[in-house]
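Structures for review follow.
There are two complexes below, and they share chain A, which is joined by chain B in the first and by chain C in the second.
Let's look at the complex of A and B:
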């Protein structure tokens, strides 16, 4: 059984890389967005699923990455792949600056501080009109790169998932999970909790930073309200939660199921969209807070690294 | 100039204090941060608007309708949903109340449309010496002070109020003393929602009413209870007035757009420098 997992993943990777040859432009876009959501949900899982610190403003790294890489493209003339990596760096730097003070806060206080940070960033970006275009937004030079962006998004999604696997099977991951279960005990065991929480937050900010850049390049236009929406944070949380937070494949599963559900069902209910989403959130929280994989894990005694 | 800022700040702050006391009650008793607090305020504002529009009811009298109405809605929310996540990790209660919040906003959009509404009742200002005091704000401040004072009397002197304070100090000890904790949770959520409704009815006369008007109050209220010290009810009063003053003061130097962020920056600063709040609360 265990031997077949790498083979299956390899087949999946080959199928997905051949997919654009057969698919329509719309089909490629849909998959590209799915990759984006997987990367986002998985990144949130890295900090919040593993350490238990709820980042209620994770989209701030997405927005920061989007603006950083757009500015690198527009003002510095960098090629977009490099600029998107720059978006990842910007995300990690912001995580360092903000995590160092905020990760000392516990419980709902950290969650709300992150939420506030997102609002502050949105206002800052709107304020520096000379650089960012303010509320008018920022247009990128036209370029049709959706195929390249498809592969790049896929790589980021796979990369973040691989990092999660590497962390979950390492001593670093054990430290993070110890913090989640009992932070005081972790400290008593000699774990420098702030340091490891900070590493986790920075790692979890790189993915959204790059994805933000890629998404900006793909859309060709960004504005403050489109890249810092609170609802995006909530969506990635619900995806990770639905699949199973703190697991490797949970966020992938949750993002896939909810994303296709959204494409297939919600699009028909334009007016009830938010109401339905609210109901889904409530249902997930009340009925399956451990997520699909969490339930299966408990029921069938599956390994921690699933 | 400074005098004007102080007056405007205190007028705005008294409403913040009342609304935040509602959020603080819920947070203090259950450690649940009710993200739907702002949307509940929005429902209060719509109650006032419709009563004014349809029946010409005095907006200040409509508080007598909006508070009981939202008290009942709060009871229902607590009874059906929130009760189940009180002891869960904070992620559950944050997400759950967020789900309720966007559902309420969406329902309001469907039922009332997103048009901006207003209650044109009191307009204009009193001129006192060099200062201008807006009439609706003064009236709102007076009602907010009265309602807040009544809440404090209730918390301080009645058996139920004492039970609420006991549960927010220690649920276990309160339970051992024979207090029905579930019932106190229910009551706290109902009262918290009613205070949000009162806030909604009062701001209805001053600002445009629309389904998304409430969200910003959730955050400001949380800032106020952190400023005052979580679980410290008089602290909410101080925090509210302080937030009103700071916002007015910063509006002198900052554009309206940036001024929105002042509350957020302030919150992060307070959390870092003095997480127990100005008056001592629990972290």
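Let's look at the complex of A and C:
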């Protein structure tokens, strides 16, 4: 069983890299978005699934990355791949600045602080019109790079998942989990919980930062309301919860299932799909708060590296 | 011998209540101390202040001469002060082995070997890969006890080690505490079971209403009028 997992992953990677050769432009764009959601849900899992600190404003790192990369492209003339990495750095820096005070807050207070941060960032971006274009948004130079962005998104999704695997199988990861399990005991057992939470939040901000940049480059135009929407935070949380937080494949599974579900429903029922999405949230929270893999994990005593 | 821990005029208030009110005590290395007193007398608060979970309003606490009353718990732990909790605080969704592994600063292989050895010492090696939350109450208590020993602390604070533990397990636990003392460790324990306190401790401190009421050998303490009054009333 263990041996065919890497083989299967390799085959999947080959298939996904060959996919654009056969697919329509629409197909490539759909997959590109799926990769984006996997990267986002997995990043949220890194902080919230492992340490139990629920980030209710994780899209702030996506939006900050989008603006940072776009500015690096428009104002500094950087090539877009480099600018997108800059978006990741911007995300991590914001996480450092905001995590230092906010990660001292416990439970719901941290969640609310993150929610507030997202609103604050949106207002800041709208306010500094000279730099960001304010509410008018920011246009990027025309460029058709869908194919390259497809691969870049795929790499980020795979990268964040690989990082999650590395963390979950290390003592660093175990220590992050002690914060979720019992923070007072973790502190008393010599774990510098604030520092660990800060590392986790910074790591979890890099993926959304890069993905924000890639998404901005792909769209060619960003505005405050399009890159800081609360619904994106909620969507990534639901994806991670649905698949199973604190596992490796849970967020991937959750993102994949819910993303295709949304695509299928959205095309047919433009208004109804939000209602259905809401119903899924309620059902997941009530019926299986641990998510699909969480339930299987408990039932069959599976390792958390599932 | 120079004391390993000195508490000097410790005061800790919660609102208008002084949970610890001017307590001073000194622990010499290589001995077992008991801390007793009625419910609400400030025993656990004093523990929390020594380990950095709470911070003193007044007074000083020194460990090996170094002031620790402003330090965070993880710093105090790494100086060599370990503790267990009154209510069990294992990490339930980590295995017994992982509960121990997270504690050290040594290399992974070394930590693993030490964790296995400690679990074997309390006969839990068989259950090393079981989630701590699935173990029985007594077993969780043992996991918590050996978890403290991972870094070989010089001062060990045990908050009600005997509560809810059966006789056999308790005797093993008490033997383990005596062995620690024989290795030169210092132990301070809060305990309600007087048989345990009297049989194990060399010096006993009695707290009442946040103040130190008495200090001395178990036999002397047991006969002390004030102690009897604090426990049973006049």
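The rule is short, and it goes like this: the second predicted complex is superposed on the first by the 306 of 306 C-alpha atoms of A that agree within 3 Å, B and C clash if a C-alpha of one lies under 4 Å from a C-alpha of the other, contacts with A are read in each partner's own complex, and residues count from 1 in each chain.
Keep this in mind: a contact is a pair of C-beta atoms (placed from the backbone, for glycine too) under 8 Å apart; a residue touches a chain by one contact, two chains touch by 3 or more.
Quick caveat, the model's predicted, so the values are computed rather than measured.
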Give one of first, second, both or neither to describe whether A:120 is in contact with chain B, with chain C, with both, or with none.
first
Now for A:289: first (chain B), second (chain C), both, or neither, which partner does it touch?
first
In the superposed model, does chain B or chain C contact more residues of chain A?
B
Between chain B (first) and chain C (second), which does A:278 come into contact with in this model arrangement: first, second, both, or neither?
first
With the two structures laid over each other on chain A, which partner does A:55 touch: chain B (first), chain C (second), both, or neither?
neither
When the two structures are overlaid on chain A, which partner does A:181 contact: first (chain B), second (chain C), both, or neither?
second
Based on the superposed arrangement, let me know which partner A:192 touches: chain B (first), chain C (second), both, or neither?
second
For A:70, using the defined touch cut-off, is the partner it touches chain B, chain C, both, or neither? Pick first, second, both or neither.
neither
For A:106, select first, second, both or neither according to whether it touches chain B, chain C, the two together, or no partner.
first
Just which bits of chain A does chain B share with chain C as contact spots?
none
Counting only contacts in the complex, chain B reaches chain A at residues 31, 33, 81, 84-85, 88-92, 94-96, 98-107, 109-110, 219, 222, 226, 255, 257-258, 260-261, 264-265, 267-268, 271-272, 275, 283
Which positions of chain C touch chain A when the two form their complex?
51-53, 72-74, 77-78, 83, 85, 89-94, 98, 101-103, 105, 108, 111, 147-148, 151
Taking the touch rule as given, give the residues of chain A at its contact with chain B in the complex, in rising order.
48, 52, 54, 56, 101-102, 104-109, 111-113, 115-117, 119-120, 123-124, 126-127, 231, 234, 237-238, 241, 271-275, 277-282, 284-286, 289
Chain A to chain C touching residues, read off their complex:
171, 174-175, 177-178, 180-182, 184-193
